[in-house]
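Going by the order they are written in, the chains are A, B, C and D; count residues from 1 in each one.
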Amino acid sequence: MSTVNKIKVGILGASGYTGADLVRLAASHPYMDIRVLTANSHAGKPYGQVYPHLASMQLPDLITIEEANWSELDVIFCGLPHGTTQKIVASLPEHVKVIDLSADFRLRDTATYHEWYGHEHFAPQLQENAVYGLSEHYREDIKKANLVACPGCYPTAALMMLIPLLKAELLDKNSLIIDAKSGLTGAGRGLKQNTLFAEAGEGFSVYGVAGHRHAPEIEQELSAAQGDDVMVSFTPHLIPMNRGEFVSTYANLAPGASINDVREVLSQTYKDEPFVHLLAAGAPIGTQFVRGSNQCLLSVHEDRVPGRVLLFSTLDNLVKGSSGQAIQNMNIMFGFEETLGLMQQPMFP
Amino acid sequence: MSTVNKIKVGILGASGYTGADLVRLAASHPYMDIRVLTANSHAGKPYGQVYPHLASMQLPDLITIEEANWSELDVIFCGLPHGTTQKIVASLPEHVKVIDLSADFRLRDTATYHEWYGHEHFAPQLQENAVYGLSEHYREDIKKANLVACPGCYPTAALMMLIPLLKAELLDKNSLIIDAKSGLTGAGRGLKQNTLFAEAGEGFSVYGVAGHRHAPEIEQELSAAQGDDVMVSFTPHLIPMNRGEFVSTYANLAPGASINDVREVLSQTYKDEPFVHLLAAGAPIGTQFVRGSNQCLLSVHEDRVPGRVLLFSTLDNLVKGSSGQAIQNMNIMFGFEETLGLMQQPMFP
Amino acid sequence: MSTVNKIKVGILGASGYTGADLVRLAASHPYMDIRVLTANSHAGKPYGQVYPHLASMQLPDLITIEEANWSELDVIFCGLPHGTTQKIVASLPEHVKVIDLSADFRLRDTATYHEWYGHEHFAPQLQENAVYGLSEHYREDIKKANLVACPGCYPTAALMMLIPLLKAELLDKNSLIIDAKSGLTGAGRGLKQNTLFAEAGEGFSVYGVAGHRHAPEIEQELSAAQGDDVMVSFTPHLIPMNRGEFVSTYANLAPGASINDVREVLSQTYKDEPFVHLLAAGAPIGTQFVRGSNQCLLSVHEDRVPGRVLLFSTLDNLVKGSSGQAIQNMNIMFGFEETLGLMQQPMFP
Amino acid sequence: MSTVNKIKVGILGASGYTGADLVRLAASHPYMDIRVLTANSHAGKPYGQVYPHLASMQLPDLITIEEANWSELDVIFCGLPHGTTQKIVASLPEHVKVIDLSADFRLRDTATYHEWYGHEHFAPQLQENAVYGLSEHYREDIKKANLVACPGCYPTAALMMLIPLLKAELLDKNSLIIDAKSGLTGAGRGLKQNTLFAEAGEGFSVYGVAGHRHAPEIEQELSAAQGDDVMVSFTPHLIPMNRGEFVSTYANLAPGASINDVREVLSQTYKDEPFVHLLAAGAPIGTQFVRGSNQCLLSVHEDRVPGRVLLFSTLDNLVKGSSGQAIQNMNIMFGFEETLGLMQQPMFP
C-alpha cells in the first residue's frame, strides 16, 4: 500500500479524551486520513477550539453523527456513551469497519451486559461477531473482524498479566485480588465535582467499590483463559495525576507452580511483542515509564508469604488502555505493520 | 496543671519532616514548651532557615545532640536514623520521657529487629520496657510508659483496621493482603533521585516489594491480636502528592463471620474515639479528607466475591501516622486531655 | 468575655471553599459558635455530606437562606454570588454584623461596581457604610463597622505590599505591573471544564487578561494610598496546585527613592503585625511557606535594571486571602484578640 | 538522502533530562543513528537503567567522554555542565558538527560570559564561529554552521515574541518586564532539596531574582534586534509540574505603535513557520497545549493601561526549549526537512 492509499477514518465522539488521543496518534500514522470527527454537543466547531493543543493540525470541523457521510469511510472509531454504538453500528454500510472504544460490545453474554449497564443490548446479533480487541491475545480474530471491541483500560492492564498465567494454570483462580489505580483522565472530560483539580489534587481515594463495570469484562476473559468460572476482587482507586494506570494483582500459586514458572510463561508469551515487556527483577515499574506510549510493562515477584505472588502491570490508560490499542487493532485489521504510528517513546519526565 | 507549668520538650532530629510537623502541632498545644531542637547537620542555624514556614515562631536555634542539656527537659521526641535512638536513650537522665518516632523500639523481638535493620539491637534491656504507641490500643500501657515507640505510618493505618477484627476472630488470618499507598513526604527529606518532583510527579510506582520494614511491625501486632502467628502481604506504593496514606486491605471472612460483624466490632471499638472514625456505607474515603489532621478514617465493604471483605483506612502520614500520634501519646503519658493540640480539622482542599 | 459568651455565627453560602475554610478555622476559635449554615442547593444535608473532611464536627445541617433565623445571630459571613449579599443585608436585623467575602461591597464607587459586575448596585446606601476589610490597613474603621467587605485574594496580596509604598510615595505610580498567580481553589467549586484535574494538572495558563474584576479593587485602594488616580496592569495566571497565591509586582522607584526606603517603610509598617512578615534578603519566598495559615509574606529586591524594584508577596488565598482575614476582621469587630483562631502554623510540606 | 545514509549521532551528557528527550525524539527521526551516549558517572550502564522509560529501545551503553570514538560521528549534541563543552569541542575532529545545549557558546561577548559564569571562556576562538541556534531567526547562519549554541529555554520563549517586535521598533526598549515560569524539569536531574517533590509540590516560588543567567542571553539578542543596548527585568518562577514554560512579558508600545502592528508583525514573521503559532484573540494559552511538542505559542493583548501590551509565550522547556530545537537545528545543518522527527503533537491531557 502506498501513501496515496490512506484509509479514510471517522472518529465518533471525538470530544472525549480518547478521541483527542486518537487524533494525536493518528498525526504520526502514515496511512490514516481523518475525514470525519463527530461530537454532537460541539458540532460546527473547529476541532482546535475543543482541543487547543491540536489547533495546528489540518482537521475537518466537528459535525453531528447525523451529518456523517459513512460511505466515504473505511473505518470508524467510536468513543460514545454506552448503548449508543450498538444502535449506530447496525445502520452502517457493510464495508465500514468499526473499532469501538466503549463497552458496548465487550461482553459476549448480553445478559451480563444488561445486568451491568442497566439496559437491554440493542444489537445482540452484532455482538456475536464482535471480537474482543486485546491485541496480543486476539490478533488472529482481529485480522478478520469487522467489529472490534477494545478492552477497557483496567482490563487491558490486568489481562495482559493474567491471561497467560491462567491459561498455564499457574494461579489459584479463587485467589485473585486486583488493586487498580488510575489517573484522572480515566474519569473522562465530563463535569463532575470529584474530578475538579481542587477536589482530586493532593488526594488519593477509592471508588466504584465492588461495583466497577470493568469487573465482568475481566472475569469474562479470565474465565475463558482458565476454562472455568473465575471471579475476582477488583477495586479501582484515583491517583492525583493525569495519565497512567497501575494494577497490583495478588494471587496464590497453583499447587506445584513457582515464581519461575510465572516468569517463564510471561517471558515466552511476550518475547516478540513490541509493546508488552516483562521487566527484569529489580527494574523499577511505574506509570511514569509508559506515559504517552503504547507500552505495557509487567513485573512479577515472589511474596514473603509462601505460595503468593505479586504481579504488577502498568500502561497509559489513554494509549495502550484505549486509543493506542485501538490503532494497533486497526493496523491488524488493515494488514499494516502493527507498530505503525505507535512507536512514540514514553515521555519522561 | 496550669499554663505556667508547661512541659519542657526536646525534639531530636528536628530537621526531618516529622520534626517540622511536631513543631507545627506544638504551636497549637497549650502545654508544650520547645526548649531543644537538634539537627547535627544544621547545628547553629535558626530553625526558620531550615523550615521557612515556621520562621515567625519563637524557637531555639538548632544544636547538636551533644550540646543538648537533657536535665532541663521533661520529654524528648526522637526522629533519628534507625539505631541512633537506641544509643542515646541509654544515656538520658531517668526523669526524661522518650517518645520515639523511629523504628528503634517498635519490634519487641530484638532478633527480628536485627534481621530487618541489619544490626544488633543496641539497647535490648530498654526494649523490654518500651511500649508500642498505637494510642487507641495501648493507652493504658502508654500512661505508665517512659519509653514509647510510635508505630510506623503504614502500620498505624493497617492496624487501626485489623487489630479489632483479628481480636474478634472475624478474618481468615492467612488471607490478609495489604496494598498500601503513600505520598512523598513518607520518603523523607533526604536527597534521592526518585523523590525529585520531576521523577515522582505524574507517576505512580511500587517500591519495597516483599521487603518493606513495616511488614514485621504489622505482623507483630496482628499476631498479638490474633493470638497466633500472622503473616501478611504488604506492598507499598508511591502517590504523586505530599501528604496522605491510603491502605486497602483484602481479607476473607472467618467461617461464620459477616460484614455486619466487621462493622459492629469496629463501631464498638472506636465509638468514643475522637480521632478514629468508621464511615457510613457510601461515604467517600480518601486522603484529602484527613490532610493535616490527626484523624484516621475507616471504611468497610462486602466484596462481590463471596466471603471476602474490602477494608480501607486513611490518615495523614505525618500526623496520625507520626507526629500527631506522638503528641497524642505525650498527652496520655502526662495526663493531659488526649486531644490537646490535635483538634485542628483536616485542610481541604 | 468568657467562653460561655460565644458569639453566634451564621455562614451564608457555606458550600463554597471559603465557607468550608471558615468552618475549619472556626473549629479552633474559642468564641465562635456556628448556628447557621446555608447553601440553597444543598439545603437539608448534613454539612459532612458536602464536606466529608468536616464530618466529625458537630455542626447544624445546611438550610436555605430563607430558613435562617437571623435574630439569633450576632454575625454572618457571606460567601454568596455577586449581587446576592447586597439584597440580603438590607433585610437583616440591625444588630447583626455582616462580614462579606464577595465583591458586593468592596467598590466604594457604585458606578465602578456597575461597570465591572454588569448590574446596578442593589444597596448603594449600605455601600456608604461598608468598610474595606484589609485588616492591617483599616483596623480602626473595622472596629466600628457593621458591614465589612473583605478584599479579594489577589488584592490582599498586592495591596499589602503596595499601599505603604504608595503612601510613602516611593514608587512611580504609572509603572505598576502586577503578575499574579493562584492555585485552583481560587476558581471555586463550580463545575468548569478548565478546572478539571485533567485540564489544569501539569499546566500553567493565563486567564482574565486585561479584564479581571480584582483590578478596579486594587486601583481603588492604590489611588487612595497615592492620593491620585492609579492604574495598574494586573494579569492573573493559574497554577496546578490547590492553595496559594503568589504576586510579583514590578515597579520603578520614584525619583530619589531607593530599595532601602522600600524595605524600611515595609519594615516599619508591619513590624508589630502578627500575620504580615517582611522577609530578610535571601530568604526563600513561596506559597508553600504560608499554606493553610493566615500569614502574608513580603520580599523586596532591587532589579538589575536601574531604578526598578521587584516586589513579591504570597498568601493562602483561602485564608489570609479570604476566610482567615474574615475571621481576623471579626476579631477586630468584636474586640477579641486579633490572632484568635488564626495562629495555626503553615502546613509544609 | 536515503534511509541507509543515516547520520551518526553522539549525545554527551546523556544522563540529564535534555539527553533523555533527545533520545526520545531521535526515536521518531528517520535519519538519526545514535552511536555514542556518554555520562561519566553512569559509564558502563545500559541507558535503560538510567532511564527506564527508554529501556525497550536499542541503544549503545553509556560510556565516558574519554571512551568516545569521535571519528565515527557526524554530529554531537552536548548537554554538559558549563565550561565543559568549551574544552571538548576544541579537541574534536573537524568534520564533527556540534550542537551545544549548554550555555558555553551562547554569549558572543566572552567578557559577559566570564562575568556571569565565573570563569574565563576556554575557547574564545571557537566562540567567533558559533551560531546562536534560535532556529526561526538564525536559519541561514545555522545552515552553514559547524557549532550551534542552542538558546536557553526561557530565552527561546521570550525571544520568539520579542525579536520581531524590537526589529520593527514597536516597543519601548526600556520598558520590558519578563515574568517567566517553568516546571521542575528546568531544574535538572541533580539532587537539590528544593526540587524534591515534597518541597516543590503544591508550591509556587520565585528564584534567581535579579541574577538568572538567561538574562544576558536575552539582552544580547534583543540588543541585536533593536540595534541598541537593551536591558530587561527577567524573573523566573517555579511551577509545581514537570514540563512547560510560560513567559509573560509586559511592555509599553513605542510612540505611534499599536497592538495591531504587534499582531501584524508577529503574524508575518511566523506565518510559514511550522512550530511557532500566533494565537487568535480569545484562544486559550497554556503550557498544557504544547506539552511534549516542539511548538511555541504566542498570544498578544492590549492592556487596560493605555499604551501597554501583554505578551504571552509558551513552550515545552525540554523540547522547543532544548532538545527539540536542537534537532530542528540539526535538520537545518544537514539539509533535512526541518520538521523531521518533530511533528509529534502535544500530549494533552
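Just so we're on the same page, a contact is a pair of C-beta atoms (placed from the backbone, for glycine too) under 8 Å apart; a residue touches a chain by one contact, two chains touch by 3 or more.
A quick note: this is a predicted structure, and the numbers were derived from the prediction, not measured.
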Next item on the list: Quick one: compare the interface residues of subunit A with those of subunit D and tell me same or different, with half as the dividing line.
Entry: same
Next item on the list: Look at the interfaces A-C and B-C and say which one is made up of more C-beta pairs in contact.
Entry: B-C
Notebook entry, point to check: Using each chain's Cα centroid, which is most distant from the centroid of subunit C?
Noted result: A
Notebook entry, point to check: Taking each chain's centre as the mean of its CA atoms, how far is subunit C from subunit D in angstrom?
Noted result: 39
Margin query: For subunit B versus subunit C, what separation do you get between their C-alpha means, in angstrom?
Written below: 36
Next item on the list: Let me have the rounded angstrom distance from the C-alpha centre of subunit A over to the C-alpha centre of subunit C, please.
Entry: 46
Checklist line | Contacts with 2+ other chains: residues of subunit D | finding: 17, 183-185, 198-202, 240-243, 284, 288-289, 291, 349
Note to self: Under the definition above, what is the set of subunit C residues touching subunit B in their complex?
What the structure shows: 17, 20, 23-24, 27-28, 51-57, 184-185, 201-202, 242-243, 277, 279, 283-284, 288-293, 295, 343-349
Next item on the list: Please name which positions on subunit A make contact with subunit B in the complex.
Entry: 177, 179, 181, 183, 194, 198-207, 209-211, 215, 231-233, 235, 237-244, 246, 248, 250, 284-289, 291, 299, 301-305, 308, 310, 312, 314, 349
Next item on the list: Flag every residue of subunit B that touches subunit D in the complex, lowest number first.
Entry: 17, 183-185, 187, 189, 191-193, 195-202, 240-242
